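Some structures are shown below for you to check.
Here subunit A shows up in two complexes: once beside subunit B, once beside subunit C.
Here is the complex of A and B:
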């Protein structure tokens, strides 16, 4: 079996550790900066050191099917950290939740009831969770990545 | 390996959520750990598998930033010899953590003041007070505290600070004394004591909380020095008082009131005119004392008539304040003398 140099999985569920191969998963947070290099605007990604309120973040989720078998019903669920504000930019196909993960949909279809009872369209700042649902089968050894952008509150 | 996948979207969901508008503070507190946790669920051969989770964590670093600004847009108008004249400032902590701020008030020596004017004197006895919140907030009073620093000012919070000083007596209208208030960030966290000086983290980023100065340049400080300063000024409005005195012979024992001469026995009327120059301050309780010339005797039957109007250089006979005479000195007080106004005091003597 080929060993891919991907990041280590963390199995966080209590109970017996899985000895069987599974999906390898990683989450990586980087800070995005706009720099002017030789008179040209360039976007640079670097480690979050240092990082301050207002900094733009790119969070990248990488996965690999290391089960050795086809995988189906692959669902990626990522709560937006409370100290991060979602900017609205995410890999295509993202569904968002504005009610703490109870329900998901495209941001453009979601509504918020304001304190005075009136309705407004949901904004990226309202998003609490992100989700991607991959259709079809994922072949053994297949890899992929998803990402979204946020701003440190 | 070929991966075929389609992305499924939920259809037509319309979710109503009650959300409060998130409070966007000046920033997540330094030292806060932000963790992103992603969870993947999947099936193999139709059977749900154990979910897999991954995390990544970073620590929010410390951004030191603050502003100081004068309250309002005008100079503080003062009188010569005024005590406890106040210029007001606000100090705002725009860092992402609670901090102390050392305060210093400095006098300017010449140069531009804060309101298109030029500094040309110093006030004295300069001290700093922190404005008490609650009763009396916004103006300087007995409830305010004499300070040399601000203790535990929270992120996003502001404090009102008064610079209080005395005005020397020998100043004239238009004199300007400019003062600069500088606030310097200090470590917070220990109430009641002024924290130590803060330094930026130089060299490589650490795994702990790093510190960066992100403040701008104020009136007299540089950008990114952990301090901010602002200027305000006092402008003197004085009352410029001048006094003139004239006399007229009213009568003599020989000519009566027809072309009287200044001979012994003649009655002479004095008119003392007090003028307050235009463009200055109103003068109150202007006290006049006038020792009588020798060889004259005060005419008590006429008395001292004060606060008369003045026409040209003549005191009109419309005084409405009574003065007095004692031991050869005439005294009277003009209650109020507006800038540009003149008032008179009339009394009579006989020539010995």
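Here is the complex of A and C:
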């Protein structure tokens, strides 16, 4: 079951006509709802007005290289809002931080020292920041999106 | 769920930017993790705004690093209406027939994320009840000691003092009831307490636009914002049955009830039931035409003095009496005394 699209999709962002010499970045949040359509359970994404504890969110960051030149070392960083709990699901290549963004790595490599001094493996709930580091150069005009799931605490 | 605590800290910086490049095409197990991730035990309060902003950095062909920021998406968290009710008594509350003001204790918990008033309803006519307790009043524990204090814990009036409960907090609620008379031992009855969010109730997902804490919407959660729980009363009664017998011994070695013969009376008291009998006294008048034999009163084979003193027995006004105090069900007491036929 692949829920997330491949991270880089060669689409142009609608309406991104201005020629600001930068990489444009936009974020949006949608709520996943389970609906029964024609007797079949379906997951639909909706633009939320209010949200409620327990709602499942999909947070998507879109980007476009509008510099007109190739860029290197493109790194996207998204702090997880404090009222949101990361589910562990994110676009491939994600590195996570459990220390407020000071250090990053795959979740499976991170450890937490508990109050009693013992050490446990980090869980998605511990994640404070997500980061994606894109390998190589990004061509002028290239676009893509990255997403992750969270639940409203 | 695990809660993020400040006493836990992350260990070992593993990667620093951009020391390890992770290509986006790399396969990652993260996408295959279970989707079932329940919300944390601590709910985000109604009215909190979730802001999300991403940042990115990149190097242009000259090696200059630029940092850009995305738009900020803001989402308001609105009120989730949920409630829980539970009996706070450790089991059945023992009661007796005709008791006035028996107290059952409940906990009502606001399981939602906004401050909410709850409407309370108590009912003694619950299906399957062995008797029907008469509800006298509901009262809210005003000082939080969990004990009903009629002077301080004012009576609840629906619509007037519906308790306002903070999110993920509880109040103790007392239901006071009178017990009918004439109940048999072990009769059992439930009293139910229902709590409903004043904002509204309904199947999960029922929305009350603009009526949530903080001015947003309110929506019912899995509890439908309407929950009922029962506490139980069990009657603990006891009864006593006394059997009297007599044996005659005449002065000639026979059993003829002739003048001068001695009659030994035996009173056997048996109690039954799960309760106990308070201030149980066993006594008998000396029959006409006979005279009590002084110092002949025995209780369970132990001699009792005739004087009204520290032991349980006495002889006065031509009557024998044994004061037995509180006797539990299932006990037997045997009182004997002697009289002489005049």
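The rule we apply is simple: the second predicted complex is superposed on the first by the 132 of 153 C-alpha atoms of A that agree within 3 Å, B and C clash if a C-alpha of one lies under 4 Å from a C-alpha of the other, contacts with A are read in each partner's own complex, and residues count from 1 in each chain.
Here is the rule we use: a residue touches a chain if its C-beta (ideal position, glycine included) is under 8 Å from a C-beta of that chain, and two chains touch if they have at least 3 such contacts.
In this text the structure is predicted, and so the values were computed from the model without any measurement.
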With everything superposed onto subunit A, say whether subunit B and subunit C fit together or clash. clash
Per the contact definition in the header, classify A:88: touching subunit B only (first), subunit C only (second), both, or neither. second
In the overlay, answer first, second, both or neither for which of subunit B and subunit C A:101 touches. neither
Does the superposition put A:141 against subunit B (first), subunit C (second), both, or neither? first
Using the touch definition from the top, say if A:124 reaches subunit B (first), subunit C (second), both or neither. second
Is A:112 in contact with subunit B, with subunit C, with both, or with neither (first, second, both, neither)? both
Please write out, lowest number first, the residues of subunit A touched by both subunit B and subunit C across the two complexes. 7, 22-29, 48-54, 59, 61, 63, 67, 69-79, 81, 83-85, 92-93, 95, 97-99, 103-106, 109-113, 115, 119, 122, 125-126, 132-136, 138, 144, 152-153
In their complex, what parts of subunit B are in touch with subunit A? 1-10, 12-22, 24-28, 32, 34-46, 48-56, 58-61, 63, 96, 201, 205-207, 210, 212, 214
Considering the complex alone, what residue numbers of subunit C touch subunit A? 1-5, 7-18, 20-35, 37-40, 42-44, 48, 50-61, 65-66, 68-73, 75-80, 113, 212, 216-217, 219, 221
Spell out the part of subunit A that touches subunit B in their complex, as residue ranges. 7, 9-13, 15, 18, 22-29, 48-54, 59, 61, 63, 67, 69-79, 81, 83-85, 92-93, 95, 97-99, 103-106, 109-113, 115, 119, 122, 125-126, 132-144, 152-153
Which residues of subunit A touch subunit C in their complex? 1-4, 6-8, 22-29, 48-54, 59, 61, 63, 67, 69-79, 81, 83-85, 87-95, 97-99, 102-115, 119, 122-126, 131-136, 138, 144, 149, 151-153
